[in-house]
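The two complexes that follow have chain A in common; it is paired with chain B in the first and with chain C in the second.
What follows is the complex of A and B.
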């Protein structure tokens, strides 16, 4: 898979069919991968595809000028399609390498499972249903599905929907919706006051680093409303009130665009369960308007059109 | 403020072409509606940004009422249809994070519906009165400010 990608990407650059290749490279810490963006053929040797390719790369083509060859997983491909709907990227400017995905390893979960820091793991290999690790020189085997991101349990499209070249064979969804919605159901079981207190506590931790916004492929405003100072909608310093308002508005801005790629939560340095907001809105948008994110690249964005029959039983 | 003499303070974002005129009509018809509402005129219900609602609540009002033209009656053809989609998700999200549903209400009121406007405002203010003062964004320490 990796070799085919390197070969095809090399060809694209050589023939001048793309200006950039956007893929995954080795990270600075063992196991971790980081985005590899290049226009030089010799850098392509560094491309990797493994169960640790967590980043959603789909926001890079928005910022890169020119044609881009990009590597996407199932969820990323839907983000990319959503960006096409919003006319932020053009399909003809992209050459998409699809990676059928059986789930991506959540390094936090993995660290918990092996009871050690990730940098003590020197090697990891997915073998069938298991992940075989070398920890401090000894071999360890753990079930793969125990360490993947929560979002992956609810993934209905593990194989990218939009691609020019599929690396590997299609993967059938392996759904465990209940597990992926566990936290949301837990929250819905609380009463309003408890829920509010829960979010209040979570957003007291927020340091307003804007990591969630910066990593989000659906957050493509050139000037974010938090950076606007006439009028200043939210304070620029961190108070839980403004942090919460900021995130609620962000949630509404990305509703109908969010493919539940989970990058916001992964990027959050203080561990706020942001997916519980975003995923909830994915469900709501589907329930209200029957809109699934990133399925049809020619469909209009959900909030730029309407139906006369849209639900309005909440209007009094 | 003492709980006993607390009066709800609510904000109404009313569309210039219908609900605002409806409120006007209820006034000229000498109908009474609670004085707890502070009305802000907007050009269309489509103008309402979710930020308006959240900022109002954050700044301490007890309720927010948004009212526009009935579907199909929009002065700008489709402003209220677009607004309706937005309101639907705002409504669900606010409920989900734990804001009492009585605090935020969306309505359709036409320019000719003076009595309905008075009734909508009346019922909304009563609903807000039942859930009590808005302490959502208050800090425990700074309470009573």
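What follows is the complex of A and C.
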């Protein structure tokens, strides 16, 4: 897979069909990968595809000037399609390398499973249904499905829907919706007061680093409402009330655009379970409008148009 | 004064005692990330799992948000009430040598031409109890910045974890004072002292990540105009503020007035040079493009701060590497500058 990608990406750059290649390279920390964005052929040797390609790269083509060859997993491809619907990127400016995805390893979960921090793991490889690791010099095998992100259990489109070249053969969905929604069900099980207290506690931690917003491909506003100060919508500083307001409004803004890629939660340095909000919104949008994000690039964005059949119970 | 020691299972009793007369902060993971939290009387087992906090101890002295003053429109004009910290003594237990150095670095800044009463009041009332590192992270590179994981002159009291016990050594008068007030301590043997030293030495050897600071000031200067380099290294940056907020030495802030018709307050909060809107309020952010903002961050740390205060504003704690969602790595960026 990797070799084919290197070869094809090299051709694209050489023939001037793209200005940049956006893929994954080896990270500078054990197991981690890092976005590799380059216009130089010699850098392409560093491209990797493995179960640690966590980043959703679909945000980059919006920022880069020119044509882009980009590597996407299933969820990322749907983010990219959503960006096409919003006219933030043009399909003809992209050459899409699709990676059929069996799930991405959640490093926090992995650390929990092996009872050691990730920097003790020097090597990890997916072998069939298992992940084989070298931890402190000794071999350890754990079931791969135990350490992937929660979002992956609920992934209905592990094979990208939109691509020019598929790297590898299609992967069928391997759903465990219940497991994917575990956290959300837990929250739904709380009574209103309990849930309010829970989120109050969570948002008291927020330091407004805007990691969640800035990694989110659906957050493409040129100037976010929190950065508008005439009028000022929310305080520029972190208070739990305004942190909550910020996140709730963000959740509504990305409704119908969020592909449940989970990057917001992964980026959060203080561990706020942000995906619970986003994933809940994915469910709501599906229930209310029958809309699934990033399926049809020619369809209008769900909240930018009106259908006579749209639910309007809220007005009654 | 020689080395003292305390059994780890006595820490809880010690903390309960210390927290009677002052605010005691210890590493805690109870909120879903590791930070310094007020001692809650529960578990003092952090010595078993703690490597470093996500949010650095700077947050205790330069909090993410603080009200500086309150104002009210009276008949004769505005009445202003300054909201200085109350000066209650605080002990921060478990500060790593890198973070202790970082506090010394921010001290020089906040006590420069303008003495910042908010930061300094808290600092003057604080006793820093350091905890030497036995298990540095693979992202740590403190040794490149003249910091040793096993020792520190930047704390008031230094603890070393030698197994079932913590060895304690006073470094400053404040530390000596605190040590003399602690109960449950016993004298440490020379053997235990050398064990602590050995652990420190082996921790030092475990640190493999590094930056080369020799001649760096000149290299930084000559890299300034190298637009291609800065564009290359900043391409993947998402322009969030994580690296600056988890950095123990980043200290930029914004000040804003919250006005409710007749009264209000002046608040200062952390701000980040990574944000496009940074410094927008007083004038305009001159760094419109992302690469200029990234360049600013590294130049500030490795050039301007060094010019102004004769020290690099980085202690190799590695937080920015650990927390960056796209793995921007300061050691890679500085390495790249050295190789230009």
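We adopt the following convention: the second predicted complex is superposed on the first by the 314 of 316 C-alpha atoms of A that agree within 3 Å, B and C clash if a C-alpha of one lies under 4 Å from a C-alpha of the other, contacts with A are read in each partner's own complex, and residues count from 1 in each chain.
The rule is short, and it goes like this: contacts are C-beta pairs under 8 Å (C-beta built on N, C-alpha and C of every residue); 3 or more make two chains touch, one makes a residue touch a chain.
Bear in mind the structure is a predicted one, so any value in this text is a computation, not a measurement.
Asks: Please work out whether A:269 is in contact with chain B alone, chain C alone, both, or neither, and reply first, second, both or neither.
Replies: In the superposition, A:269 contacts chain C only.
Asks: Is A:210 in contact with chain B, with chain C, with both, or with neither (first, second, both, neither)?
Replies: Only chain C; A:210 stays clear of chain B.
Asks: In the superposed arrangement, does A:230 touch chain B (first), chain C (second), both or neither?
Replies: neither
Asks: Contacts for A:55 in the overlay, against chain B (first) and chain C (second): which applies, first, second, both or neither?
Replies: Touch partner of A:55: chain C, not chain B.
Asks: Figure out whether A:172 sits in contact with chain B (first) or chain C (second), or with both, or with neither.
Replies: In the superposition, A:172 contacts neither chain B nor chain C.
Asks: One more residue to check, A:306. First (chain B), second (chain C), both or neither?
Replies: First partner only, chain B.
Asks: Looking at the overlay, does A:252 come into contact with chain B only (first), chain C only (second), both, or neither?
Replies: first
Asks: Could you give the residue numbers on chain A that contact chain B in one complex and chain C in the other?
Replies: Shared contact residues on chain A: none.
Asks: Considering the complex alone, what residue numbers of chain B touch chain A?
Replies: Residues in contact with chain A: 50-51, 54-55, 58, 71-72, 78, 81-82, 84-100, 105-108, 120, 123-124, 136-137, 139.
Asks: Which of the residues in chain C end up touching chain A in this complex?
Replies: 31-33, 35, 51, 54-55, 64-65, 137-139, 235-236, 238-242, 244-246, 254, 256, 258, 267-270, 272, 275-277, 281, 290, 321-323, 325-327, 329, 331-332
Asks: Mind pulling up the chain A residues that touch chain C in the complex?
Replies: Residue positions touching the partner: 27-30, 32-37, 55, 59-60, 63-64, 117, 119, 201, 205, 207-211, 213-215, 227, 229, 235-239, 263, 266-267, 269-272.
Asks: Help me check something: in the complex, which residues belonging to chain A touch chain B?
Replies: So the residues of chain A touching chain B come out as 187-188, 190, 192-199, 225, 233, 241-242, 244-245, 248-249, 251-252, 255-256, 277, 280-281, 284-285, 288-289, 302-304, 306, 308, 310-312, 314-316.
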